[in-house]
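In what follows, chain A forms one complex with chain B and a second complex with chain C.
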Partner chain A sequence: MLKIIKYVLLDIVRSRTIIGYTVFLMLATWGMFMLESNPSKSMLSLINILLIVIPLVSIIFSTIHFYNSYEFMELMLAQPVKRSTVFAGSYAGAALALCMAFIIGTGIPLVTFDSSGAAIALLISGILITLIFVSIAYLCAALSRDKAKGTGIAILSWFFFAIIYDSLLLFILFLFADYPIEKFLLALTFFNPVDLVRLILLLKMDVAALMGMTGAVYSQLLGSVNGMLIAGLVSIIWILWPFALAMRIFKRKDI
Partner chain B sequence: MEIRGLKKQFGRIHVLNGLTLQLKKGSAYALIGPNGSGKTTMLKILLGLVNPDSGEALFQNKSVLKQWKYRNHFGYMPQISRYPENMTPFQIMEMIKDIRQHSGAYDMDLYKQFGINKFENKAMHSLSGGMRQKVGASLAFMFSPEVIILDEPTAGLDPLSTEILKEKIIRSRHEGKLILITSHILSDLDEIITHVIYLNEGNILFQLTIEELRSRTKSEKLSQAIAAIMKENGHA
Partner chain C sequence: MFFIPFWLLHFSSVTANVITVLPSPNAIAKAIAESSPGDTIIIHSGTYREGNLKINHSLTILGKGLPVIDGQHKVEMLSISAHHTTIKGLRFINSGKSNSDDLAAIKLYSTKHVTIQDNEFDNNFFCIYLLNSDSCTITGNDIKGYAVNEQSSGNGIHLWKCQHAVIKDNTVSGHRDGIYFEFVTDSRIEKNKSFSNIRYGLHFMFSDRNAYSNNRFYHNGAGVAVMYSKNIHMTGNTFDLNRGSAAYGLLLKDITDSRIISNRFEYNSIGIYMEGSNRIIVSGNNFHNNGWAVRILSNCESNEIVRNNFTANSFDVSTNGPASSNTFHNNYWDKYEGYDLNRDLAGDIPYRPVSLYALLMERIPFALILYRSFVVTIFERMEKIAPAITPVDLFDNQPRMKPWKL
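Right after this comes the complex of A and B.
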């Protein structure tokens, strides 16, 4: 398993895309803190950028990586290596590379400007969201043999989670503005990893007060230690289920 | 090695229709048959690359389905050699050595005879089809496996390299290896094989030793013998 990860990582580093991503994250983080004197404001802008960019890069990079390493996987599968090892190794390699890029790109500048609890929360959330979207990417790639189709499904799922889902939530919010639907909305956020992470971060940053009634309900339900634990657990479920399903498909696949 | 009632369907097409075979070591089997007769699928099932719908494949009396350790005893040369494109042959070989953890010496015969060292540091994508086949062939033999599976090994190889490969196959057979070859180039199979298995639409049409085939058809050349049998069975 470790050996598979080693070769997957070697391959990823050779392609240089990951280095570009690291540099981009670094510039974005540094830029945010340079442009804005109030660190908590720059943190907010940073969160908004990261919650769009991390899912997008993670999902597209991983899908393309999966298809590009098809030859490698074929070669490995004819060797005395378990199928699940090949798959998990490929996943771990991609996830590790993206997490390292995030930790170096965002983590280093972030810690130099602001090492409060919020910064740590941002780092952990960033890693969670990366892992979630690598899982979703692997599921998309396992679903289709065709590269164009797989990448298409991946982009669509990013679009859904990062943009469409929010609009739907807003729509529901307006439609049922007269009803007490906060708890229902909270339940809905659990079905979108991006919203879930955003919520955790906002609550951690004490800007929930700006979110009115909803914010109050959210802080009440999620702001406690238990709430954070639940949110963390749900994030981990979001990493695990697409991965497990993708693994199941991959194991039964005819190469 | 044994195969019992192997069945596989791709969509509506029955690729394998309940295949049953006994394969013994020290023999070389040629799998022949028209395109789409299920040759490659059968080999891929033996390697665990394709899951059969039903049936069993046994190696040393143990099922190989969903197993992986048995592949330590297998060497495989695929029909279309697909390798990580930005790695070099040298890197690929080192990687597979690293993954397989083979105890004992590496069999570098083909590596030397094919002159792979001349292009071992060029990226795979810059190599010609024949060069890739050479890399594939030397990888299949490198770990002295007990079962060697060659899918269209001579397609794309030059005559000299084909001869080298044929000699290597004969030597391995004498060493007691089990060899499975598919090929459409019947003349390449003369001399090297001991048994012929003819597949057609997922069924075994006939399975004969080379001597039986010769005595039945009274022709020395494999291609003529096969043609004669086909005529006999009314398939020509």
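Right after this comes the complex of A and C.
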């Protein structure tokens, strides 16, 4: 397995896309902190990158990577290696490469400029969201043998999670504003990994406002360490279930 | 006849006695009974359980080695109705509890020039209670309580109908209100620390012409409340960590002609909440990391919010109506994205501190759950470019480009 990860990783790094991604993240982060004297404001811009760009890059890159390494996987499977090992190795390689890109690109400049709790939360959420979207990408790729179709599903699911889902929530919010839908709405945010990660950041950056909410739901669930823990745990579930499902499909597939 | 008062004064100063009290049953009561006006009673360390002690003539009572006056959860320990009395260096514990009598550790009844200094208070109902008193000084006291709820607890320092009081360098915690003022005028509150009180760190009711400066109020249930008063000067205070659904750094209700200058508001749910307040100058304050820095209801008029720093707040300003006759001028807003071509440190395009989402949340508070979402960010941008919903006349015409050094 380690060997597979090593080969996948070497392959990815050689492709230069990942290097371009790292450089982009680095430039963006440095730029934001250099141009803006106030670190809290740069953090806000970084959040938008985190919630939009990172999922997009993660999901598209991983899907394409999966299809491109199909031949490699076929070759591996001709050897006495388990399918699950090959699949997990490929996943780990891609996830590791993207996480490293994020840590080097955003993490290092971030920590040098601002090592507050919010910065750490941003870093952790970045890693979480990368892993989640690599999982989703692998699920999309496992669903279809056709590269165009798989990539299409991947882009669509990014669009859904990053933009459509929140628009729907906003719509529900307006429509049912007169009803007690707090709990329902909170539950709905747990079904979108982007919202989940945003919640972690919100808990770190806007505690004072969250604590000011009327209604015990928020203060009990969110106004404490508990909220952070729950959101973290659910995001781990969000890493695991698409991956597990993809693995299942991949195992039974006729390659 | 004219000479007699001078002569008397001279005489009394020579013969002022010093009475020493050592622990024995009713020792303090005896000493008070034996003393004559102007005497000094020195109480040595030990525990004294003497029920209620009344002081009807002026005395100086000093504790040596922090003697303990224990009310045994039954009585009010000291009832003072004499002018020019000093209480210093005592430790008061376990006063009685009664909402009908407002039992306190020390209560002053219509006195003048009484000093209560460097005492300790632990587990009392009310601690220092001033009724109808003039020119009293309360300094350096350490007050600690263990209040659980508002109904069963009293205030740390409670003043009712007083004038010219000075409250300085005290530490108050664990009571209903740390410091409470009702019908108090021309008084000063300085350098106190008031924290972890159930309701307010400081509470003003119908108290005009007071000043409080360089105090710190933190972790209080609802922050500091100033209500129905005029001419209050609030300078150099720190209001922080007051969090909760009804918690404010500073709550202003029906306050007029007051000044809020050079204070710090940090990590509060709401920094300043203004309701029915007019002609208040808010200047030189730091608002940092609050949920809402300023929430100003539309029944506030002619307030001036100038030269403050607003940094890292979730929302800068929020209001509940379209009209605003308040002035926002020359503040530093970290969310401002304008430019400054002539480099006079004032931004060339106005800043609108009320964001679309802050307004939305006035209507639907739990919309906060979607805050900082990409979709919401897009809506906010659109509103910034073409304001349609946010109050038209609420803007800072000259937003400062760099933070003020405060």
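Everything below uses one rule, namely that the second predicted complex is superposed on the first by the 242 of 255 C-alpha atoms of A that agree within 3 Å, B and C clash if a C-alpha of one lies under 4 Å from a C-alpha of the other, contacts with A are read in each partner's own complex, and residues count from 1 in each chain.
Here is the rule we use: a residue touches a chain if its C-beta (ideal position, glycine included) is under 8 Å from a C-beta of that chain, and two chains touch if they have at least 3 such contacts.
What you are looking at is a predicted structure, and each value in this text was computed from that prediction instead of being measured.
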Touching partner for A:Tyr7 - first (chain B), second (chain C), both, neither: first
Touching partner for A:Leu202 - first (chain B), second (chain C), both, neither: second
First, second, both or neither for A:Ile47, with chain B first and chain C second: second
Contacts of A:Leu77 with chain B and chain C, given as first, second, both or neither: first
Which of chain B and chain C A:Asp254 touches, first, second, both or neither: first
Dominant contact partner of chain A by residue count, chain C or chain B: C
Partner chain(s) touched by A:Asp166 [first = chain B, second = chain C, both, neither]: second
Chain C contact footprint on chain A (complex, rising order): 37-38, 40-41, 44, 47-48, 51-52, 162-163, 166-167, 169-170, 173-174, 177, 181-182, 185-186, 189, 195, 198-199, 201-202, 205-215, 218-219, 223
Complex contacts: residues of chain B adjacent to chain A: 10, 44, 47-51, 68-72, 74, 76, 78, 82-87, 92, 95-96, 98-100
Residue numbers on chain C that touch chain A, as the complex places them: 243-245, 247, 267-270, 289-292, 311-312, 314-315, 334-335, 363-377, 402-403
Chain B partner contacts - residues on chain A that touch it in the complex: 3-4, 7, 11, 14-15, 69-72, 74-83, 252, 254-255
